[in-house]
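In order of appearance the chains are A, B and C, and numbering begins at 1 in each one.
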Amino acid sequence: MSFITLLTDFGNRDFYTGALKGTLLRHCPDATLIDISHDIEPYNILHAAFVARNVWADFPEGTVHILAVNCAYDAAYRFVLLRHAGHYFMAPDNGLLRLIFEQSPPPHEVRLLSGNNEQKASVRHTFAEAAGRLLSGQPFETIGSFAPPLLERIGLRAVVTGQRIRGTVIHIDNYGNVVVNITKELLESTGKGRPFALYFRRHDPITRLSTNYCDVAPGEPLCLFNGAGYLEIAINMDRAATLLGLKVEDVVEMAFE
Amino acid sequence: MSFITLLTDFGNRDFYTGALKGTLLRHCPDATLIDISHDIEPYNILHAAFVARNVWADFPEGTVHILAVNCAYDAAYRFVLLRHAGHYFMAPDNGLLRLIFEQSPPPHEVRLLSGNNEQKASVRHTFAEAAGRLLSGQPFETIGSFAPPLLERIGLRAVVTGQRIRGTVIHIDNYGNVVVNITKELLESTGKGRPFALYFRRHDPITRLSTNYCDVAPGEPLCLFNGAGYLEIAINMDRAATLLGLKVEDVVEMAFE
Amino acid sequence: MSFITLLTDFGNRDFYTGALKGTLLRHCPDATLIDISHDIEPYNILHAAFVARNVWADFPEGTVHILAVNCAYDAAYRFVLLRHAGHYFMAPDNGLLRLIFEQSPPPHEVRLLSGNNEQKASVRHTFAEAAGRLLSGQPFETIGSFAPPLLERIGLRAVVTGQRIRGTVIHIDNYGNVVVNITKELLESTGKGRPFALYFRRHDPITRLSTNYCDVAPGEPLCLFNGAGYLEIAINMDRAATLLGLKVEDVVEMAFE
């Protein structure tokens, strides 16, 4: 059984998603298509990278991940195929892949697909043809051509200065939880178990790390690490982003004693 | 062919749905995943129960229904597996299952899954492992452990007092139709064929039961029983909820002569 | 492998989509269901026709396309099955099929399905039974009964008057691009390579046809033909519909020298 996942900024009111699916099934009639999201904010490769990074490894090896986000807005865009840990990724070379995998991939793990972007329509044919070849067993090395290095794009990273971690809000989830680019590893390696105070906007700092949303009373703010290992600012049973006035790209600061 | 349906409050902009699907396919590579909805209002088990109750029986026997709604907001939440009429249901034990099936299930039809809710992430592993065992043919009784009684949660029911049925709006559908918790059976057993007047807000009462939206002129209000057997207040070719000012939890009253 | 595509105005918060999927899988357990969209604007068969017209031919021959849009608002609605170019289409006979295929189909390519529309619920049974018969190999001619001619519904077409094409906005896509019912063929046959000026609202006319969004500077308006062959008014990296104040049914005019 072969799986093809779909992550796009196509939305759900247009023909783009349907046309992509049909074209894929023409080339890969035995594959199973899995919708990840078609509601990535238009052009927003940071949003797409956040979702893709936390999804791909859950799928079985051999899965083809199609990342069709911000496909059409630069005539120089090339479409590429990347092999990583037994998974395949197809995307425009617009920086998205470098946001998902922070390391630059070895040259022999990337192939340039023969697409052009004159029309949105052509993207789907480029992806579908390559997926058809891959899933029918053709060797990775015979698909497309040798690729130049992927476009670099550096994601926002938390910055450590002395006794402080300066983080950035990278996502607001469906529950209004505020996801910050401070990972559990970074907190542990920087904080070394010391008490902390998490400052955000002009609110009182949060000084305790929770493990469950219900560790505090309903309506109270808290912070915890979510299932993907990122710091989350949340409110038990309510929408933290709205109530605390936090949005993507806001800065938060964690100070250690 | 095995089917796994997905009903969640995860939304479509996060990684939660994709991560759940990937984890399920790792454990159940031959299963077919079917999206029911990921747009259940966050935490709203009444909304989830309304959708689930009107969907599950349409699927073939043996289907596994994953109900991942309001999963993470109580440290005591347990995840359970329920067998009913040849179908399997996995959900947090947060009252949702008792809203779908008004009768309390026999103890031997419920299994406690070994989940904890420290992280949203763990929910998907709990469900996927159990689904994998079920679909590979392991006996129901060997999955998880004996479960305590399910959390009780009583849904809003229409109340009959003398010559009146007092109902509540339980859902506004995609067309703006207003769904009320008065069933066809209740109307027939209470009204016994007598004329009625349906009062809602300060509008003129509706006194006739329609069978089609077009039984009245476009723009006129009507009531009928929908495909699921609930009373609906609608407007032919327009949005009754908006135009009549009705919303979920509003009370309507049906009086018999 | 048999595919059934789903294009509906059911939305994603109700039980309608789930109930349709379950009923289809009961009748067609080996079919693969493919979501095209459930976000067609309620009752809007023009929107549905625009999406369906640009999607169906990408799927493999033999695909069954279920078009469940504006199903329930006329007691006289009949449900029909149309065969076209090796594809099967099921829809209410509400004009939608005539908007997709501008030619009237030969009588022997249409079958009347034995549905009634008393309840939304029955639509799904009508479609599922017919799909089950089709996919199990029963001859097209034995399904349902001989159908009267399909309901006529003429879509908005661009009008050519002297040296001008008068077009209409038929869709705003997920990126805010404005799709107009002027096709590449019409421009070529009418303009014959002459310079043009595209007027819309009170903005300066666009006088050049682009091939890529990035042919102009970011923030600048342009026009190009999209992947489906329609004229699009767009803004490089921004939302043309919002910034230029264009909406569905607005008129634009293309004048040739």
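The working rule: contacts are C-beta pairs under 8 Å (C-beta built on N, C-alpha and C of every residue); 3 or more make two chains touch, one makes a residue touch a chain.
The structure displayed is predicted, hence computed values, not measured ones.
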Angle of the rotation mapping subunit A onto its copy subunit B, from a C-alpha fit, rounded to a multiple of 5 degrees, please. 120
Call it same or different for subunit A and subunit C: same when shared residue numbers make up over half of all numbers used at their interface. different
Roughly how far is subunit A from subunit C, centre to centre by C-alpha average, rounded to an integer in Å? 32
Would you please write down the residue numbers of subunit B that are in contact with two or more other chains? 32, 35
Within their complex, subunit C touches subunit A through residues 1, 3, 5, 7, 32, 34-41, 47, 50-51, 53-60, 63, 171, 173-176, 211-215, 225-228, 236-237
Of all residues in subunit B, those that touch subunit A in their complex: 9-19, 21-23, 25-26, 29-30, 32-33, 35, 42-43, 72-75, 117-122, 124
